[in-house]
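Some structures to go through are shown next.
Shared between the two complexes below is chain A, which has chain B as its partner in the first and chain C in the second.
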Partner chain A sequence: MTAGSLNGPAVRQFACFPHPALKGEYVLKNNTFLHGDGLPAVCIKILAGISIALIIFIFIFIFYQAWPVLRASGLDLLTTHNFDTQISEAFYSSDQSPVLNFGLLGLILGTLITTTLALVIAVAIGIGASIAICEFAPPVLASALKAIIRLLASIPSVVFGLIGVIAVVPYIQETFVTVDMQMEYLSMFQITGKSLMASAVVLTFMIVPTVISLSVDAISAVPQTYRETGFAFGMTHFRVIWKILLPTARSGIISSVILAAGRGIGEAIAVSMVCGGVGILPDFSHGFVSFLAPVLPLSAAIVNKSEAMSSVAVRSTLFACAAILLVMGAFLSIGARLVERRMRRAVGFEK
Partner chain B sequence: MVTAVCLFIVLNVFNIGIDVISWDFLTKEPNPSAVNADSGGILTPMIGTFLLTIIGIVIALPLSLASAVYLCYYSKDGALKNMITTAIDILSGVPTIVIALFAVTIFTQPWLSFLSTPIETAGGVQAYGKSFLVAGITMAVMILPFVTKSIEQSLKTVPDEYLEGSLSLGATKWRTISRVALLSARPGIITGAILGMGRIIGDTAIVWLALGGTLRMTGLQPWWQPQNWLSTLQNTGSTLTTYIFYTSPAGEGNSYEVAFGASLVLIVIILLLNAATAVLGGLGKTKR
Partner chain C sequence: MSKFKRMITFLLVALFLVSTVPVALAAKVTLKVDGAAIATDVAPTIVGDDALVSLKTLQDGLGVDTTYSASKKMITVKSAAHTFNFAIGNPNYNYDGPIKTAAVTPKLVNKKPVVSLKAVVEGLGGTVSISGSSIEVKYFSLMKGTVKITGSTTLQPIAQEAANKLNKMNTGLTISVAGGGSGAGVNDTIGGKNNLGMSSRALTSEEKAKITPIAVADDGIAVIVHPSNPVKNLTKEQAAKIFLGEITNWSEVGGKNAPILVQVRETGSGTRSTLEEMLLEKKSVIASATPSASSALIKQAVARDKNAIGFDSIGFVDKTVKVVSLDNIAPTVETVKGGSYLMGRALYLLTKGTPKGASATFIDYLKTADCQNTIVVKEGYIKLR
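Take a look at the complex of A and B:
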């Protein structure tokens, strides 16, 4: 019986009962369950209803606010770009005739590219590190590392943004940016250290601890007998990891990656400090320099332009960005739930 | 690969090292000033962080508790419960910036203006919408799904024998829930609440949008006197996170050592909270 044992009708089943005539189902005499419990139950239901209504209201409100821009721009919202000129036009337009045609492709690509870059690097480092912690590290070091990683995962994002601005951006500027580069692209934008590369690096710093700690949990959850079976067959340690542990922990690792992706997509503050704030379309035909170009991911756009929210057009646009983020986040959450459900079924638990 | 991890940890320690250098500048002196490099301490942002956390958890905890109890014990398994659980999961994956945007827009509606004070803008139109109360409520909304899920998980670990024992002794459903389930899951509930507080402390996007970036408390001065408390709550201020953002080169700061000092304080606070969680988790285990 699960916690649902409090739910159903107040029925008791007795497997063995002294009097044979009374075998079978026996209903409790005073049906306190069916009467409910008066005031506390009502309070509980009201409060729960408030929270659930709040959640639903948020969804509806965001799409409602974004609706003017969504309707005016249609599918162009996702396929055209030129965000900077559009938003300054929109800010100066009046409320009666707001400029509502927006193309958010540059922003969306910015989000996707920075997050993907950060994810790729973070997964490579993270899974390797979690294997190292679980398998190769002596126990004392392993528990110390785990505690440190858990602490790193809970550090607020501003601190990472601060490190980014103070350390990463100047480093990139000194190492990679030359004056020729700046002169060449001066007509389009100014190449400082704040760039796509900086955002990707800062995002990587932020999501690596998350990936490591969740992957460590997943790998430690693999039963010891699996490893011992592999060793008993004469497999080397590396083969045991590659062929047995990783596939078994696969669902946990995938859900950690999804969670990290969710954090990366939604990360606004740290990215807005290092991204450069120019909403251009990331274009890789120029080669390596494109990594040094500024970028404006969706969430950073919301932060940067939020002071202009008094204008209806700008507000609608920011809500459109928020709606896109919401949809992305929803997809990731649903994906994580599906992975979790598949993992449970694979291991044999009932739902 | 272990060296990759160690490199990263070294980077973080280095960061704390920089913080320590500027730790001498800030030992809880009152009110920060925006002027120059020897601007004062971080008392006001720390009070701001504290205020927001209290408001957020006070609003969120009853709602989460009620929702978790409802989901565990009162709702029938079915389409409605599935929908509610999905909604909670989706909301927990929503970026905080989206929640902040939602809050800023909603709290500028005139009928919610009791929560903040009006500001005259150039066009003569009054604007509301940023205050401690607003930011606190937004924080509560942000941590609501997270705390609900965590309380629900700890409620599920209550062994059924406890519940059945209490029911068989004739207790009503509500007495069973309140006296047995909630008490026995109490360490888990407290852990969830503390983790929620940790998230509130660390969140910047909501604070930046819903609280503004002023360094002092606006509102009637002096702000610590009880008759001015309501005015303080209705006005803007700053928290540690906003202070870091503001004084970093990305904000308007020209001296960023104070930002490092503030981030050291922030990291220490979060460290203490995590330690409290670990201690409480251990207590919970020994109680059983």
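Take a look at the complex of A and C:
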């Protein structure tokens, strides 16, 4: 996916179509969306319509299922927290008088903090690696590395979850967790290896290949003439990269970051295996230990509590979590378009 | 020897040999259900193409519940789908309402009632064939259709083993067993999303109005700790306080100076609700406890951490964890059945209305002696009877 193709402006295509009535003659047709003809065009339009309808339906369905909790909790949904006790009360409440007041702040903050942490690390590693692949690696090595990165990007996420459970969590437990620490914080949360840090590390593993492969595409798309101009001015290689290439490829890199953020926010299985499963409010007043506290991001909450979904109250809450995730994803996409539009204007040319 | 003595010896030996012949000719009556021999407390009596069998034989072989009232001379045989009422000395019996006549009349043998095998087996939908002195009953190898079972992960291993066995015995039968927790089992059954549900907790009166629980095994909930933990016993108050988060250090209950890390099951677990009801008097386990999604996972969580404490069905307990006794009573078959162990409970199959067809037969199968001995006990649970 090159940087320019992500959000191309709507372009009127001029195409040649043989008109059935004029055998042997070709007619130049102004083929806008409404005026195309022929069976393929109709089929494509129908399929496009179905996809759009499907997405709209999904939005409506999720908000409809989440509506009982959204209405009962109102804005408290986003500003209060006590998810664990609320969920067990809701599960045992009867269907006639369901408990519908939920506070998802702990979950929302958990999602945002894990994803931000993972993004910060992944972007640092990812952009550095993509520069190394594009600029410094010999061509053979570069293509091999690109293939490896693409392979990593296609590994199913549950494999990363397994790596987390088997390698990351015990490592964190042995290296950082001490018995004194556990005793001191036992009244607030249990410190085992499953923590905010473990979730961030596992998410980093998952996001880095995405960031690298998209950034590599963005940086390779910069025309060679730019580099040559830089060298002609006597700039060192590093300055060329820092001052010319990265700013030019900025829109592509930011798109890659936003895509990675979208993946990180939505990641459910891998994170649910290493997050600790307790939806406390992450607060950093304890310093480093806050990173060792368990966390429950929104998607992991949906996975963990899905067995209790037969109760109407719980089902509604989990759909509310899904609705919040949808809204976050929508913000990310809109943000991506806005950022890109601004970047393009700043760089001053249309790709 | 003199000729006279030789003759006497020969006559005695011949008499002895001849006397064994009637014994050999009178062969024992064997009863087989779907190819497996059933041990009987009272030998079945073959009468034509029917047989009289004792109530315990019916219980062991077909998984039905039987009751006998000596004063009224009435016998009730109840399967998952049908009810039979017999009376001693009367060939007529009540089959789900209408009166039918059996070929043989119930009577008492050694003070134990025996009833017509054919009436019961054919009423259930099976077949009886008698040749010579062997009785062949077919009931569990005549199942057809699909049975979808969801619910408690505690009962899941038993149901899965039984399903494997029955699937093998039958063609055209598919029994699928899934977990999800007792909560999911109850709600799926109420919503009609499965054929049978599994639950490891008793139903509330609200739920009992909509679905019927049928007990198929007994179980105890054991409090488990890591094998290296020196604590062997906890009083009920200590255990309750630990799970409520009021006792937080192992040294307070006789262990090392280490934090107590409570492991719990996720919401919707029948094991968790039974623990909360019986040990914590309906209060909830502390919110900061680490949740695990199934019986197997909570056992692994306890096996992995030296300072962990958790709870699990005794069917899941193995060498990787150590069981702590409560008030000096360990959960064994005797203490759970006898009621002296605090957290004993029954495991239930749930149905909406009267079960039919393969679902009813599956319920009956779980209560046969074959299943109880080879599956329930082997998996570590406790027999129903």
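As a working rule, the second predicted complex is superposed on the first by the 284 of 351 C-alpha atoms of A that agree within 3 Å, B and C clash if a C-alpha of one lies under 4 Å from a C-alpha of the other, contacts with A are read in each partner's own complex, and residues count from 1 in each chain.
Here is the rule we go by: a contact is a pair of C-beta atoms (placed from the backbone, for glycine too) under 8 Å apart; a residue touches a chain by one contact, two chains touch by 3 or more.
Keep in mind that what you see is a predicted model, and the values were worked out from it rather than measured.
K.L.:
Looking at the overlay, does A:212 come into contact with chain B only (first), chain C only (second), both, or neither?
P.N.:
Touch status of A:212: first partner only.
K.L.:
Check whether A:128 is in contact with chain B, with chain C, with both or with neither, and answer first, second, both or neither.
P.N.:
first
K.L.:
If we overlay the two complexes on their shared chain A, which of chain B and chain C does A:326 touch? Say first, second, both or neither.
P.N.:
A:326 sits against chain B, while chain C stays out of touch.
K.L.:
Kindly classify A:52 by the partners it touches after superposition: chain B alone (first), chain C alone (second), both, or neither?
P.N.:
Only chain B; A:52 stays clear of chain C.
K.L.:
Would you check which partner chain A:268 touches, where first means chain B only, second means chain C only, and both and neither mean what they say?
P.N.:
first
K.L.:
Does chain C touch more residues of chain A than chain B does, or is it the other way round?
P.N.:
It is B that touches the greater number of chain A residues.
K.L.:
Between chain B (first) and chain C (second), which, if any, makes contact with A:155: first, second, both or neither?
P.N.:
The answer is first: A:155 touches chain B but not chain C.
K.L.:
Which partner does A:42 reach: the first (chain B), the second (chain C), both, or neither?
P.N.:
In the superposed model, A:42 contacts neither chain B nor chain C.
K.L.:
Check the residue A:305 against both partner chains and state whether it touches chain B (first), chain C (second), both, or neither.
P.N.:
Touch partner of A:305: chain C, not chain B.
K.L.:
Show me the chain A residues, by the header's touch rule, that chain B contacts in one structure and chain C contacts in the other.
P.N.:
309-310
K.L.:
For chain A, which residues count as touching chain C in their complex?
P.N.:
Touch residues, chain A against chain C: 84-85, 87-88, 91-92, 94, 179, 182-183, 186-190, 192, 194, 276-278, 280, 294, 304-305, 307-311, 314.
K.L.:
Under the stated contact criterion, what part of chain A meets chain B in this complex?
P.N.:
On the chain A side, the touching residues are 1-7, 32-33, 36-38, 40-41, 43-48, 50-52, 54-56, 58-59, 61-62, 65, 125, 128-129, 131-133, 136-137, 145, 148-152, 154-159, 161-163, 165-166, 205, 208, 212, 262, 265-269, 272-274, 299, 302-303, 306, 309-310, 315, 318-319, 322, 325-326, 329-330, 332-334, 336-337.
K.L.:
If you look only at chain B, which of its residues touch chain A in the complex?
P.N.:
1-2, 4-5, 8-9, 11-12, 15, 18, 62-67, 69-77, 84, 86-99, 101-102, 104-106, 121, 127, 141, 144-145, 148, 155-156, 158, 160, 163-164, 167, 172-178, 198, 201-205, 208-209, 241, 244-245, 248-250, 256, 259-260, 263, 266-267, 270-271, 274
K.L.:
Across the complex, what residues on chain C touch chain A?
P.N.:
180-181, 183-184, 186-188, 191, 206, 245, 248-249, 258-262, 266-268, 273, 284, 287-291, 293, 305, 307
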